[in-house]
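Consider the two complexes below, in which chain A is the common component and chain B and chain C are the respective partners.
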Partner chain A sequence: MFTGSTDQARRAAKKELEAHLSRKFNDYFDEEIPTDDSVFVRDPPLLWRYFVLPRKEGEDEAMADSDYIVSQIMAVNTKIENAYVFSSGKNMGCFKGVGYPEEIGEYFMLDRLYRAHTWTVHGRFPTNTQAWWGGAHPFGLLDTTVVHNGEVSSYGTNRWYLEMYGYACTLQTDTEVIAYAADLLMRRQRLPIEIVAKILAPPIWAAIDRMDEKEKRLMTALRMTYGPLLMNGPFAVIIGETGRMVGLTDRIRLRPLTAATRGEIFYISSEEASIRLISPHLDRVWTPRGGEPVIAEMKGYEKGYEKGHEKGYERIC
Partner chain B sequence: MRSFVFPEFEIIRDEERCGSCRGCERQCAFGTHTYDPVADRLVSDDHKCAGCQRCVIFCPQKAIVVRPSPSFYRPNASWTREKIEDLKRQAETGGVLLTGCGSDKPFRIYWDHILLNASQVTNPSIDPLREPMELRTFLGRKPEMLEISREGEEVEIKTELYPNLTVETPILFSAMSFGAISYNAFKSLATAACRSGTYFNTGEGGLPREMRGEFGRCAIVQVASGRFGIDAEYLNVAQAVEIKVGQGAKPGIGGHLPGEKVSAAVAETRMIPQGTDAISPAPHHDIYSIEDLSTLIYALKEATNYEKPISVKIAAVHNFAAIASGIVRAGADIIAIDGLRGGTGAAPKAIRDNVGIPTELAISSLDRRLREEGIRNQCSIIAAGGFRSSSDVIKAIALGADAVYIGSAALIAMGCTLCQKCYTGNCNWGICTQNPRLSGRLNVEIASQRLSNLISAWSHEIREMLGGMGINALESLRGNRDHLRGVGLYEWELDVLGIKGAGE
Partner chain C sequence: MMIRAAVSKGRPSSVPKAGVSAGAGAVSIDAAGLETRELNDRLRELLLSGTKRVEISHVCGQRYIGTRLYTPERHQMEIDIRGTAGNDLAAFLSGHKITVHGNAQDGVGNTMDSGEVVVRGRAGDVLGFSMRGGEIYVRDGCGYRAALHMKDCEGKRPVLVVGGGAQDFLGEYMAGGVVIILDFDGESRDASFMGTGMHGGVIYLRGTARVDQVGAQVEISPADEADRELIEEYVSRYLERFPEVEMTKEEILASPFVRLTPRSKRPYSGLYAY
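The block that comes next holds the complex of A and B.
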């Protein structure tokens, strides 16, 4: 995405980005993201997509592709003025903008051009920043996306911890830290989602103190090690990944979250009304507890070590 | 030689009220009040008064007022009364001016220029009376990440965890040794620490044998340059060991406990002959480089079977952040950083009032330095030096400290009035003395209750402020400078603190 108040500024950012890309990647295909210009949206930035393969040289050769791409995204977002990467998945696309959700959907022609097994949609009243195209949800990093309703009061703490691991928070909104925390814990540190949920929204000490020795040891170790990644303040988040969707609300449930199923389809939303709008008839509707993740996995995508139903977690397959 | 110094205080006795009970005479170890049997009245010598207010509080007739003496020299912005009198005292004695307590000079107190945040609308504030509000804190090294293995229902942590101290509230009692303070004061701190889920620090005076069983579980023991009172049991009964390199009140110099204060009990605890001066050299005589410090850290880890976190306490001086970074790499699990206003039982006045940097700036620059180097989770930071209230504590946490040490605040809770005469050994409040007649005045039961009350009160206030910010666990405020704003500070000060100005 290239922002800037004039077309000239956007083109300059694009030129600079492409110079950077040509040094770090092999560009196979790029195009302007198709949009329906008959839909009125205010001040759209220049949106471009690049299909690239990493070209790692020198010290970078030892890096995993995913780490390399993440580091390049951070470099673009911090170093190139007016250029931001907001979608970086292999099989995942983020579309965002300033306007009503239906306008953005029509603008990107989502119904005509794209098909997917997992959709996450978010309409947002920007809590405490002025709306801008980069600040809209979802936040994506590689194949993980995060939408978030709420405000992270631990932002400053989460941020410094993530910065130690090379994440640069540049998009002026607190949701970014959740996306990066998910990336750090799930992709880089390979922690299972149930554990990650206990890091982001851990049980309270009074509950931990009542657990059996083994669980207590685990929860204590998690809080001790990952205290700076606790997400404080009200939130409901939906994390989307390849073949998987996770819903989580803060530990004292200051934001609502509702899950539902109908046949093979799984829904999760802040409010039941929005689920009913899409599917008036549901087989099952329930309210997950604060801090306990709802995990829905696509058939055929279950991750090896996470099979089986675990006490305390809702799992839909 | 006749002294040309004014008395510091003026004692006013209401003769109407005074019942000549001689209570004040007994209360004052400085000999300020004496009874004149002929006139059947008490007379006071202003020159001897320390201004500790003991006689005022304990006069049953409320007949005494002690106030600063109004005498003055011709007003002079450069030659203040303090400067003139200090000079006169040195002309009369030829010695170094001694003092006690933390610096009383008007260096900027940054706590009073920092304001806290609160939630409005978008982020609900949390009511600590209805919702959990968690202050539990772990002090020590944290692993980079946890490796977890799973077999069906079984979840196992494969990463080896480092030993950590667990505190229920981020307030610990600072190092104050038995010898510097009385046995009763020392035991009061230990009792309160155990009762309040926190720790006391033995200082460098050892831990009396009879206290080890009961109070070891809430003790941090110190290893200082004098190496007093150290044996294997001392290190192992405690929960953490602290190597004292420096002290905020007197960076760069050692300590000196005069022989008069080395009573039989102090001598036994310190493992030195009774009545001999206990001298802590300025440097550790086996530490002349960072490698030497690392050797001592690992020697202590070996001695305690790697089961206890090792803390290194340094004074905040100009380049301390770089030094602290080296200390973390040398193996320390906790860095205790003592700022300009840190207290002392005795220090040369010139050092106390002129060496070091303020704690607030030190916390921020140390936290930032360790974060930039990516080693912030390899150690915890305990900040010390002039914490006066719960709001100072919570601001310190938001600036990046993991917990704080309180010294002066704890002493004040027990009765201290910061009269700065600690070095005389005549503490009328029974705190900073080895005179059994004086130390007996401090009742362990009552003093420890006052200390526990203080911890409880501050913890409640911290929970209130935390809830107001929409945060329900202290770890989410640590280093979270977004919740701080500065008022009346220069740009460079805001930069060092890493905070924005109010309204920004």
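The block that comes next holds the complex of A and C.
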């Protein structure tokens, strides 16, 4: 995405980004992201997509491709003025902007151009920062996306901790830290979501005191090790990944989240009504408990985390 | 960061007034495509024109249904809702009887004054929030913070009866009223923070409660004879409203009940005292 108040500024950002890409990647194909210009949206940025392969040189050669790509995204977002990467998946695309969700959907022609097995949609009314295209949800990094309702009041602490791992928060809104925490914990540190949920929304100490010895040790260790990644404040999030979708609220559930199933389809939303709009008939509707993730996995994509923290989460499909 | 109302904008609002039609004694409203305000305007017009029964179909998330229905003459209406009632159903409800044939979302009976709400399904979070009169019956369970700051007011005593369980923070800051949780689904067995900050009213919970499940201000005691009479009365009323429930009054009452009451009417009286 290239922002800037004039077309000239956007083209200059694009030129600079492409110079950077040509040093770091082999560009196989690139194009402007198709949009329906008959849909009115205010001040759209220049939106371009690049299909690239890493060209790692020198000490970068030891890096995993995914780490290399993440580090380059951070470099672009911090160093190239008016250029931001807001979608970087292999098999995942983020489409976002300023406007009503249905207008953004029509602008990107989602119904005409794209098919997917997992969809997340979000409408946001920014209360603490200015609305801009990069600040819309979802926040994505590689194949993981996050949408969020609430407020991360621990943003400063979380941001400081994530910066130590090379994540630069540039998009001016709190949800960004959840996306990067998910990337750090799930992709880089390979922690299972059940554990990640207990890092982001840990049980309170009084509850830990009542646990059996083994669980108490685990929860205590997580709180000690990952204290700065505790997400304080009210939140409900939906994390989308390849073949998996996870819903999670803060531990005392200060934001709503309703889950439902119909046949083999899983739904999760802030409100039951929005699920009913898509599927008037549902097999099961429930309110997930605070701090306990609801995990839906696509058949054939199960992540294979079986042992360990047996209770406190639900697995669908 | 807030999520916009799921329903409020979607379709054009040009649904004709013909959406209202008179049936056998009841006026029907098709709520498909109606915005919250349009639906509530319609209800108010019907109330003022003397309508006694309204059936609303295709409700999907419209908020505040039943609010703004106060008149100095105390007109009364019965409202049947088919679909999923949106947040703050029956907010400030002043008399009237509302029945939802489906599920309700968050905030049912928010600051409700009088009347009755029957949900033939489940309710979301903050059920009976700040309720100060009237009765709410929910056939299935409910989410977090039911009866949050429910209160007695000028001789009124609100009653909330839930067939399923209630999740955490039941009766948080509760100041008055009666809550009866029948916990058919067992959800309340693992619930925490019940009665946190409670300083009035009473919660009856079918089954038992552990000290670690309730707030520090809460006294747990077995329901006595007088309690059980009250419970029996409201279990009867619950079963009258939900004949589909496959339990008899005797089966329900055969279980133990515990009573949760505040130890003090002023739990924080010493907190800011110098």
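Throughout what follows, the second predicted complex is superposed on the first by the 311 of 317 C-alpha atoms of A that agree within 3 Å, B and C clash if a C-alpha of one lies under 4 Å from a C-alpha of the other, contacts with A are read in each partner's own complex, and residues count from 1 in each chain.
By definition in this document, a contact is a pair of C-beta atoms (placed from the backbone, for glycine too) under 8 Å apart; a residue touches a chain by one contact, two chains touch by 3 or more.
Remember, it's a predicted structure, so these values are computed and weren't measured experimentally.
Residue contacts after overlaying the shared chain place A:163 against chain B, while chain C stays out of touching range. Once chain A of one complex is fitted onto chain A of the other, the partner contacts of A:206 extend to both chain B and chain C. When the shared chain is aligned, chain B comes close enough to touch A:218, but chain C does not.
Contacts of A:153 after superposition on the shared chain: chain B is touched, whereas chain C is not. Once the two complexes are laid over each other on the shared chain, residue contacts for A:252 go to chain B and to chain C alike. In the superposition on chain A, contact of A:233 is made with chain B only, not with chain C. Contacts of A:195 after superposition: chain B is touched, whereas chain C is not reached.
Of the two partner chains, chain C is the only one that A:287 touches; chain B does not reach it. Annotation: chain A residues 127-128, 150-151, 206, 252 touch chain B in one complex and chain C in the other. Chain B meets chain A in the complex at residues 119, 122-124, 126, 131-132, 134, 136, 138, 142-143, 145-146, 148, 150, 152-153, 155, 157, 159, 161, 164, 371, 374, 376-377, 469-473, 475-483. Taken in their complex, chain A has these residues touching chain C: 100-102, 122-128, 148-151, 173-175, 206-207, 210, 252-253, 256, 258, 269-274, 276-277, 285, 287, 289-290.
Those residues of chain C that touch chain A in the shared complex are 1-4, 6-7, 9-10, 60-61, 83-84, 86-87, 103, 105-106, 122, 124-125, 143-144, 167-169, 192-193, 212. Residues 127-128, 150-151, 153-158, 160-161, 163-165, 189, 191-192, 195, 204-206, 217-218, 221-228, 230, 232-234, 251-252, 254, 305-306, 308, 310-311 of chain A are the ones touching chain B in the complex.
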